[in-house]
Amino acid sequence: MEIEKGKTAKYLKEKRPVPKEVTEQLKSFTKTKKAILNALKEVHKTIPELAMELNMPKEDVVYQLMSLVKYGQVAPDDIDDMDEYFYYKIKSNGKN
Amino acid sequence: MALGNVTSSPKILVFSTEKISDPAIDMAGLLKLHYPPTVYTLPVPCSSAIKPRWILHALEQGFDGVFIAADGTDCPYGESCTEKTGAIVSMTQQMMKEKGMDPARLKMAAICSVCSEPFVRHVKSFTEYLSKPSN
Amino acid sequence: MARINPEFSDELKKYGAFDANACYNCGNCTAVCTLSDEDNSFPRKMVRYSVLGLEGEIQASLDPWLCYYCGECSTTCPREANPGELMMSLRRWLTAQYDWTGFSGLLYKSLGASVTGFLVLALAVIAFGFSMDFRMADLLHYGHYFEMGAIALVASVILLPNIIHMWYQTVRKPGTEAGLKTYFTCLRDLLVHMFTQKRALGCDDNQFRWFEHFILVLGYLSLLFTTVFLDWFSTQSMFIIVLGYFESAVIFVVTFDFVRRRIQKDHEISKHSHSSDWFFVVWLFLMGLFSFLVRLFIDLNVLQQNMWLFMLQLIVLVQWALLIVPFGKWTHFLYRSFAMYFQEIKLAAN
Amino acid sequence: MNKKIGVYICHCGGNISDYVDVEKVRQSVESEAGVLLSKTTLFACADSNQQEMVDDIKDQHLDGIVVASCSPKLHLLTFRAVAERAGLNKYNYVHANIREQGSWAHSDNKPGATEKAIKLVKSAIAKVRNAEALEPVKVESVKAVAVIGAGVAGMRAAIELAEAGSEVFLIEREFFVGGRVSQWDDLCITPETGKELVTRLYDEVMKHKHVTLFTGAELAEYSGSVGNFSLKVKVTPRHFKLQCDPGALKKAIEVCPVEVPDEFNFNITMRKAIYHNYPSEYPQLPAIDMKNCTRCGACEKVCDSIDLSQKEEIINLKVGSVLVATGFDPYEPKPGEFGYGEMDNVVTLPQFKRIVHYCVDKLTYKGKEIKNIAYIYCVGSRQVDGENKYCSRYCCTSNIHTAITVKKKYKNIHNFHFNRGIRTYGKAEVWYDESSRLGDIYLQSFEHDPPVVENRNGQTIVKIKDVLTADKELEVVADLVVLVTGMVPRKDNSIGSLLKIPRGRDKFFNEIHMKLRPVETVIDGVTIAGAGQGPKNIMESMNSALAAATKSFSLVASGALELEPTVAKVDTSACSWCGKCEEACPFSAIDRVGQNGNSIAHVNASVCKGCGMCLPVCPENALDLIGLSDVDMESMIDALIPNI
Amino acid sequence: MIMEETKKKILEYDALVVGGGIAGGESALNLANLGYQVLLVEKDLTIGGKMIMLSKVFPTLDCAACITTPKVSEIARHKNITILTGAEVKKINKLGEHRFEVDVLQKPRYVHVADCTGCQLCEDVCPVSVSDQYQYGMVGRKAAYIPFSIASPRAAAIDIENCTLCGACERACPTKCIDFTQTEEEYLVKARSVVVATGFNLFDPLKIPRYGYGRFKNIITSMQMERQLAPTRPFNTILRPGDGKLPDNIAYVLCTGSRDKSVGNPICSQVCCMYSIKQAQLLMGALPMADITIYYLHIRAFGKGFNEFYAQAQDMGVEFIKGKVGKISEKENGNLILRYEDIEAGVVKEAEHDMVVLSVGILPNQGIADVFENEKLELDPFNFVQQSDMLASPAKTSIDGVFVAGTASGPMDIPDSILSGGAASAETTSYLRRGTL
């Protein structure tokens, strides 16, 4: 049984179907990601501002936004006047 | 010669010893005991190995002071260390006098392996001394 | 300067305390207690005093009465030192301290003494019945007067002096100076707490316990009133008869639940039962049940043939009135209410 | 002159980069002469970065590297190994310490710290530019280890070393082995007593033919270096011949007129000048304490085994490594400290343990029965005013265990623990719980308000402002006050000063690094174990003894060692033998040799330890340390010089 | 050889070390340095255990990574050490002295470690985001991921449970090291000795509902704070997970799950006091304006330099309050109200903090005892591995030839774990020598 290198995922897919939850989870993440990136398109925002705008619990925004920071799509900006919340902005092209 | 120098803090060269006083200086950092960043350390195996010409070289090339962080009686190479280092210091100071330098620009003190606070005290007071306009 | 008395905790053990010495003074119990506040932070302070044997401090404190034993302190105690049960034991110990006769202490500490007391009273009632040839009318008549007499006697000779003693220990001796007016204005609290046990609502556990307790107190007090002043066993008034049935039913139904819980031990507060707790709930249950049955037998007209039932009822009643009410757990009902009253006075005075 | 130098500047995950602008440092040095590449890295010591350095060295044919990161005491060996793996001579790597002596020391001054870091890196570059490939000095290592101190840690280490295959010399100063543990009775963690544990270990030691035990022996002189230490051990005679008739011995002890306080019982009892600590103690042979013996000869008349003519011996040993397990002393309270020495019912915990040992059914001291015992904790430890700031670790647990023993052994005992916050860490917490449940009372004092012991109408009263009772003043009438004394370093530091083992702020022997090299000292070849290194319980001492044994064994296992090539070198053309260097050398590594008819100095590289003491004394400046020449030093100094 | 066993790869080693944390690593390294062949089996994808995840270590404030990573890389490179990551010991049979037969099961990583350069391109293209276990759930990670930047091996792995098998990673991988055809690997290991260094578990604060962990988002565990302070941290700074605010008033609740019989753990975890004090000091550096309060029962600062470190924190302004926190409630703004008795005053109090750290205790990692088949590995009353001769040979267990290192035998700090690792290797050495002589 020869399987081509670099195309092995297909092989496993046949043997082991992807569970529904996993695809659901991916959809929901993609949706949230889009929404956050969309919301940050124009101006930088703080987490409470994002939560308000997206109508999402703040803790979920923290989690998702910080993941996007980690993946290099969003970057922290200045801190607000009260020194409480950072602003976040889109990271252009992954290069600063 | 330091007169024309515009930098704020006097430059001090510290000769430390690898096994005794250098760990103490490391620990000063560990404990965040701050001292001026114009204090530079060069470790040598034993303080009694420091040649007067190195000291003179440093002073002539622009250091305001040289501080020998000697092993004292803790020296792993033997009790004679203190005495020998003392001899080096007095010999060098003699040479400094001959060259018209203030012999007080060379200082020595025994710094044990945990004497971080004394070290910081020493370099601070030495800095103070060297900052006086008369020097 | 207070001197430590390590023997005191042994004394307390006789009142049911255990493991309080295990306390390492973390204060968790005080922090989880919803009734504890800045003015009265307990139970840890009481645990500490008990361990150290500072009897004077405990006697001067009202804290044990302010606790309504939800059991949270004990279930969450990191050392399993059981502060809740200690507070319970302190209430027993304090009862014994307030009681000038010394019977309370004797009965709490010695099961033998308690049993003897119960037996003596039972024999006395039987002897009395014998002397009356078990004539029902006379027995009913004397039984009724006994109730009135006992209430008057217990209240004036034992309970009132004890309350004054309690007042002296907790209010006067610690130096509270309160005017007569304060005593008067705070009376409201006494009555409210006596009849509603309102404070227990502050406990964190379910409110059903409070409700049960509340209707039990109402049932008990109204049955007392119904039998003593409305002469339930002899009345002809349909209303009073039904009321009595209802009240006694409430008592035995609720106390049955209490007994069940003490047997099943499914809640922290019912895990550790002292003999005085058993006497209290069982006798209350028996009182409710026997009262109910006596009246039922009267209504069915079979009491005459079943004098034993009336005798049993009378024995339970006498034991209740002469042992449990003046010296037993019943007093807690009184002391608790007065503790709230004194506490209000102390707060008002400061 | 090296021309292809790689410079690596470490962020240390923020430890450096939070205060030092590492990128600026990199930019400032990238154009230094000889620098081929310069990089910053999150963790220079991480595996992936090490691999990157190896690749760089190989791919770019680097002939020198500089790593600017933490103190070289941590990772000098790490990066030397990197160089070696890449095929670069490890002495072509130079370290710049920009953390301990940079970012951390100057966290208050970021520009200053950055400036200093630049200078330090430049200085390191200057040195690496001149660096030469050096070969370590190879020496043979004697496959033997000297273990100093035959307490439980020393004995355990000796057993381990012997089992691993080393020759072991176990050197004990006292006449009897077992150290402090032999003075303990019950040991809390297991039912075993101190005596039993000592017996077990002693039997095991004696089973190994590769362990030689010296008692009454002290290290008198020491020379040489790792792999090849020469020791002179002074052995004091016991004045007993090997066989000893028990009856005659008993008589000899009876007739001895000298009575001195018995240190084994912490001076609560007396002993004769002929003594043994307890029956069946090891070695099972009594000794005569010649410091107190009046040489009256009375004993010799009743016991044939006694031989007062035995003489002190000096034994020469060759070992590759020295393991120091000299233990601790219990803190001796100052006169008047909580009534110690002034009231006759104030004792220390070690004394109390001996009292408990001797009292069978009834606890008595000085003829009086003891019921109420007050224990005062942290005596000599966690001192607010004194110099012992450290916690002695074992005392809470040990004392609580003793209190439980006392409570169970005698009737009607009340224990009062005047503590500063109980520290029964780990599983020892269960003892604290048990003692509480047994009714022991714990009282806690404020740091600055210790309990007071006073005499009132003939009663001993202990007073405290109790933290646990909201600052209330409480008092206890005590029949006996036990001062729970901590551990202090051995009063007699002769070993420490002979071997030059540095001590920490707590005055205990100091390891190089608590986590990286926890049993090694800065003196190569000398390891430390047990409570001499800091307070430890028995199990912890054993762990350190085993770890130290492993370390010492690894130094002697292969029979050969590589030493630093930093030794003195004579410029034969400049030397015109004056003998001053020979005089200055503390290790006799310099001889006079003939060369072309003239006498010149010669350095014996395997004896030279590279201290450099000979350097400044040479009138002709004919001596240098390899790797630390005038050129090295002066170019490094030049690089440090401000504003150039 | 029996037919069904032929699938298994057979390996032979002098010592099997179970657990690649700092204690197991120390043992393995010592043994390997003495020339023994060592197999190190690690359940996780990286070696270094919990220590490699930490920020700095007390009382010296060295960064944990600075101590772990060089040790880890020395272990990884050592010619006498073989490492199996993502592998579990399933069965250990003692056939006789110096004869152990061990079944090891290695889960597929779906990446050929040797070929992976750690370039993270697969991570970039992976569309999936799931909770990152290495950041204790504070951020997400991809299904194709490198555990964290200083992991060893620093190689990618596929989280097959959450992978959508889209194949993007494979296409992006420059070295073609991703391989979904990998399957479980079974090994039959013949070892002459075994070192158990399986470490510990952390207490799960969900078991104390009155603290509100899980419900109140601004309560985190000390391990989560440790991650926030570490160089490989999940956020760019210290943030409240509830709303991303910079906290300025942080409380530590000590003895969460330790010294607490009501949650079944009566013993002291030995490290929580010190790591909390350490974190407090680090927080004061990271957030200079922040107030830090530590609620404690007794400060267990018993080790070398610990008490001095405690005093240093007091001098820096960390507030210490004696009193166990009884319960925590949440305010509208996410701040938390801690109810406790201030023991020194004897009064119940409430205090508001904007972030709470639960200093969770150390619990045994229990599975290892079940792995031993024909001889019983005894556990102590707290379910740690029983030390059979605690005083004279602390590394010995109830089975001759099986030794214990580090926190597998009880709570201990890093220096003690390292010494214990040293002791275990010493005992193993003598045991192995007894086999050869």
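Order of writing sets the labels: A, B, C, D and E. Residues in every chain begin at 1.
The rule we apply is simple: a residue touches a chain if its C-beta (ideal position, glycine included) is under 8 Å from a C-beta of that chain, and two chains touch if they have at least 3 such contacts.
As the structure is a computational prediction, the values presented were derived from the model and not from experiment.
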item: Touching chain sets, computed without chain A; value: one piece
item: If a chain touches chain A and chain E alike, it appears here; value: none
item: Central chain of the complex, centres being mean CA coordinates; value: E
item: Of B-D and C-E, whichever chain pair has more C-beta contact pairs; value: B-D
item: Label of the chain whose CA centroid is most distant from the centroid of chain C; value: B
item: Euclidean distance of C-alpha centroids - chain C vs chain E, Å; value: 54
item: Inter-centroid spacing, chain E versus chain B (mean Cα positions, whole Å); value: 45
item: Centre distance in Å when chain A and chain C are each reduced to the mean of their C-alpha atoms; value: 64
item: Distance from chain D to chain A - Cα centre to Cα centre, in angstrom; value: 54
item: Residues of chain E touching at least two other chains; value: 60, 259, 343, 346-347
item: Residues of chain D touching at least two other chains; value: 422, 433, 468-470, 504-505
item: In chain C, residues with contacts to at least two other chains; value: 24-25, 45, 79
item: In the complex, chain D residues that touch chain E; value: 11-15, 42-43, 45-48, 50, 70, 74-75, 78, 81, 85, 152, 156, 160, 163-165, 187, 189-190, 192, 197, 200-201, 382, 389-391, 393, 421-430, 433, 467-471, 504-506, 508, 514-516, 518-519, 533-535, 538-540, 542-544, 546-551, 553-554, 557
item: Complex contacts: residues of chain D adjacent to chain C; value: 414, 416, 422, 432-433, 436-442, 444, 463, 468-470, 472-477
item: Sites on chain E touched by chain D in the complex; value: 30, 33-34, 57, 60, 62-63, 65-67, 69-74, 76-77, 118, 149-150, 152-154, 230-232, 259, 266-270, 298-308, 311, 322, 343-347, 380, 382, 387, 390-395, 410-412, 414-416, 418-423, 425-427, 429-430, 433-434
item: Touching residues on chain B, where the partner in the complex is chain D; value: 5, 7, 11, 13, 19-20, 22-23, 25-30, 32-38, 40-42, 44-46, 48-54, 57-58, 61-63, 73-78, 80-81, 84, 88, 91, 112-114
item: Footprint of chain C on chain E - complex, ascending; value: 210, 255, 259-262, 297, 323-327, 339-343, 346-349
